[in-house]
């Protein structure tokens, strides 16, 4: 069993700057095997957090980037043809349930609402997965846990989780870190000094105030780290911010002016 | 025949707290082989009840979580390729009809309206299933029974059962248990004491009053059990309720305030 | 040829209570090999009638429950892979045309309007079926007859038979049997005494008056039989009617009250 | 080559009652290999005419009932798997073009507008069919002719032939035969005497006046023949007309009354 | 290499009556390997012209009639199964690019807008075609040229070429030939004398004035040739025009009257 | 490893006329392995730039022309059948990630929004690609870099990149070169003298002023080069401009007049 899981073990501790009781809550949910839903805007660290928790709990992590074309077979598995006929290949959900990994469905709201029904029997007390194509009723490994993420800002009438899905999960809200924590993260991840990191975080804060006033989303921590890395690579700060923060987030000339002004205030 | 059914036998009695004549009605329908439709909101115990009845009647249970992508082949079966050519693989409906299991189609309204037509010949006096791909006309095992569930609150113009489907079933309505019963269930399932269970049940009752006033659904019994388990795991009651009840059910700030207030009243 | 048809022979006379000249008309259509269309509400006995006629005429019966996903291949046949390459498998329509069965397409209006085009060459004087995938032009067996059913109440702008399909068929209208006949049927099929059957039939008649005033369809004869069987199984009449008649037909509280009142009048 | 065409030869002269210069026009188009489009309402004899002409010209006839699901592969052909790998199977269009049959696409307007593009290279001076899947460029047999039918009354904005398709064809209009001719046809095909045939034809004429005033189409000659056959089979004329003419054409009570009145005038 | 191209060589000079500098322009584009777009109404000779140029330049011609169902695989190729496993089969685009043919996509606007993206790398300076399924990056043969046609009158909001496609092509406009040239063409192609040809061309000119006033398109040169051929085959001119020009182009009674009047003026 | 990449190496320096700090910015992003998004109108040189940078950085380049029908499997890979069973075939994204190429997704906005989700795990710090069908978690080669292009002018409500995709990239804006640079490019690429190149560039500038006033896009540099090449091939300048610039960009008579006037001003 060791071999198949090796690929999915998180061997180095992913950097995580704790800002509340998120580690304790996730650990309690894990202990009670309550499935967990991570909510929050894009780029605020949900994926990093689940990697961190997998490392901390010593469990392998199977991540699936959900998309609209994903069928139940993509999650559950399919028969492959081979020299001796067909061979069953577990999909990532089945693999995780069988071997006791944490299964993380990233941006689950992208999946077809009805495909997510496939996870229902694994997320209530039954903890089973009917493999209809093989006729097997898989009972989940005791260490299996389902984790999903979604960004409430994106949900629309067409794309939302069903109540019967939502209520199977304990939910944790994520948001941007406070400024001091974000400075620490940007400096740590990009290698710039604390002063440069502080300026970048200030620019980020400005951009987030523009959310809903012409920007769909503010600048994420990840983008600030990109800007920091370009600066570390010798690019002038204004050009680095232009590339990493402004041009990637909007094509609207007014918004670009507003963001450029914020950049010019600090650099 | 023993072997293939083993996976589907319910060997331990699923906990069921009877609240009316539901056991007698289901048993009479079973005796007359009248197909049964279980109606009620999500998380109120329909799936648990059918598991309980399967155990009580000593019949194996084949459960299918219905979804929009489910084709008739997913229910009925398909040919698989194998070293010696193709081999027919019964789908769960065919399997249940052939071997005399209870076949439970969960959230049947999710299935394409016309896919459900496939169950018609099994749910009238013919009790047959034409396997068009093999040319077989399968006569159902005498012990076969079809059970379906659906949540009337979800039905829409696009998704409802056809009259010609509905009228094949005897229908049983499920709803939330009364407070004393629900306290008993929450305490039994989560391990908290009766006092904590009572507080959780009070919070649940408040949330159910908000249904239609900003909430699509109230807090289910399952969510109360989640909160109880987090409390048992050492999480402070307010944080446990926040994770298990509030954040998972709504992203609306006003609704969150209303629910948080209900939590604060009791903890 | 005997073997392949055995499954499809109707060996026991299906109960049929004649109410008009339907047997003579169907027999004349059969003699002239005029395809027959059975029209009427769900549960009024169309399927039972065609089974009865198949038995009476001594012809095997191939029934297909039509649905929107049904492709022409599902009706006509396909190649299957097998140890020696591909093998052609007749679909139910081809099977019936080749061997001289009555082919009954139930709820044909559910099929894609254009899939029904596939039956055109079998339902005019040509009586052929081009099997495009094998290159065969199958001439129908002299005993082959096409029968279709549909419920005029369900037809919509999107789902109706094309004129060029309709005019290939002689049409027979079905409706609810008169009260004396229905009492006889309910008593015969459920085993209750004539008095109970009469009460059930009265309730059914009330419900049919509500059609179009809040109910999509009235209670069918089949549902009255269900209620009778539950009563025979020891369930109190009101509970039996609630399960078999009221809860399965509507979720509307006013309609439920109206139906419950009708039940209370008689039981 | 004889063998493959045998199935498609029209060996008995199909009955055709000439009413104009249709035979001369079709023959001239055939001589000049100008593709032919037959227009007219459903059931007026377009299919019968093309069968008659195939017999008269001594050419095999390959008929395809077009439908919306028909892909180019259904017309052109596909690879089939077989013990020695894949084997190419000509579709009906390729078969007809290769062996010199008349290829008749019935109700071509049902086919996807863009699928019909596949016939373009066969219907201009090139007279070729590129078989993209085999890499073959098939040059049509000198005796190949393309014939299509369509019912102008059905064409809609969504479903009409493209101009670039239409202009490849010479067009022939078909309509109902005049009364004397239709009497002759009904008597000939159903076996009733001339007096009964005349009454049926009168009823048909009445119904055609209702077209556009509540009926989508009038009663076709084929339906009059059905009525005649039922009468020949011993059914009373009114019941025969009810089954063959009235109930199959409309469910509207007013229209049924109007048609019943027409029937009662004559029988 | 000779063999595979043989089918696609244009061995007889296709008749082309030059009316401007179209031959010089196409030749210059060919010399510079600038892809060519032929624009103009249906039936005005675009396909004939590209055949003529292929013959004149001595290059094989691969023609693809585009349609909405055409996938990138239909253009590029696919794996076929065969006794020894899978075998790659070039699609027509790949075939032409590999062997140096002119590839003509007829009515390209019918293809899915995004399928046409597949031709982009072949129509800029890269002149490559990535065969993603084989992992090959095919560099086009030096003699390869892409030619597309489309009819501007058909383009709609849903179906138009993208700017990024259009600007890869040099464009040539085609329209109806002038009367003297068209008379010459009609006489040459149908075999009628110059006087009859002149009358047909006059009728064609009248019809083209009706474009936009009840006709979607005027009568094309091809249709005039059809009429001529029917006349040559012994059909009376009015009947020939009715079949070849009037009935094929419109079902509108007023338009038919107008066209019939034009015919009656000349014949 | 050498062999598989050979096809994708850019062996000759693609001509690139630097106009700003684009080379330095791309190089810094490459050094920090920040994914790059190239924005700008069609035909302004984005594809050429990425080829130039691949050559400059000495990395192989895998280009994918995105389209709406592209599935995740087209990017990631699939199983192919072969004499010994199935064999996994890397898609272009997997190939590039495995072997350390630059992977360039051209016109990424054409891809289904949710297909692009597949690139997420490769474009954050994880730099992994889960191959769900093989069960492999591919860690990207250290030299792998993702580059995408898109044309902001084309983005619509239906087709735009998600915020969670955009923020993974540093963005570089491209636009038309200034006149002196464009003259140099047109002369270099088409072989015309500087004076002719200047006239063409003036015409191009005029056309770009018409963008939004009747033209969707102005004339691109590539089109000017086409005109130059036709002139070099002996075509008169006005005819060359008509073919390469005017007729390919618009069918609107007024726009054609405006463009023709611009051409006539200079030639």
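Letters A, B, C, D, E and F name the chains as they come in the text, with residue numbers starting at 1 for each one.
Criterion: contacts are C-beta pairs under 8 Å (C-beta built on N, C-alpha and C of every residue); 3 or more make two chains touch, one makes a residue touch a chain.
All values reported here derive from a predicted model rather than from experimental measurement.
Shared contact partners of chain A and chain F are absent. Shared contact partners of chain D and chain F are E. Between the two copies, chain E and chain F, the Cα superposition rotates by 60°, quoted to the nearest 5. Of all residue numbers used where chain A meets chain B, under half belong to both copies. The two sides are thus made of different residues. Taking the mean of the C-alpha atoms as each chain's centre, chain B and chain C sit 30 Å apart. Computed centre separation for the pair chain B/chain E is 60 angstrom, with centres defined by C-alpha atoms.
With touch defined as above, residues shared between interfaces to two or more other chains in chain C number as follows: 81, 84.
If touching chains are joined by edges, the resulting network of the protein chains shown is one closed cycle, each chain touching exactly two neighbours. Residues of chain A that touch chain B in their complex: 21, 24-25, 28-29, 31-32, 34, 37, 39, 71-72, 79, 81, 84-86, 112-115, 117-118, 120-121, 124-126, 130, 132-133, 135-137, 152, 155, 162-164, 166-173. Contacts from chain C toward chain B in the complex involve residues 4, 7-8, 42-43, 47-48, 51, 62-69, 74, 80-84, 89-92, 95, 106-107, 110, 151, 154, 216-217, 219-220, 222-223, 226, 229-230, 232-235, 239-240, 243-244, 246-249, 251.
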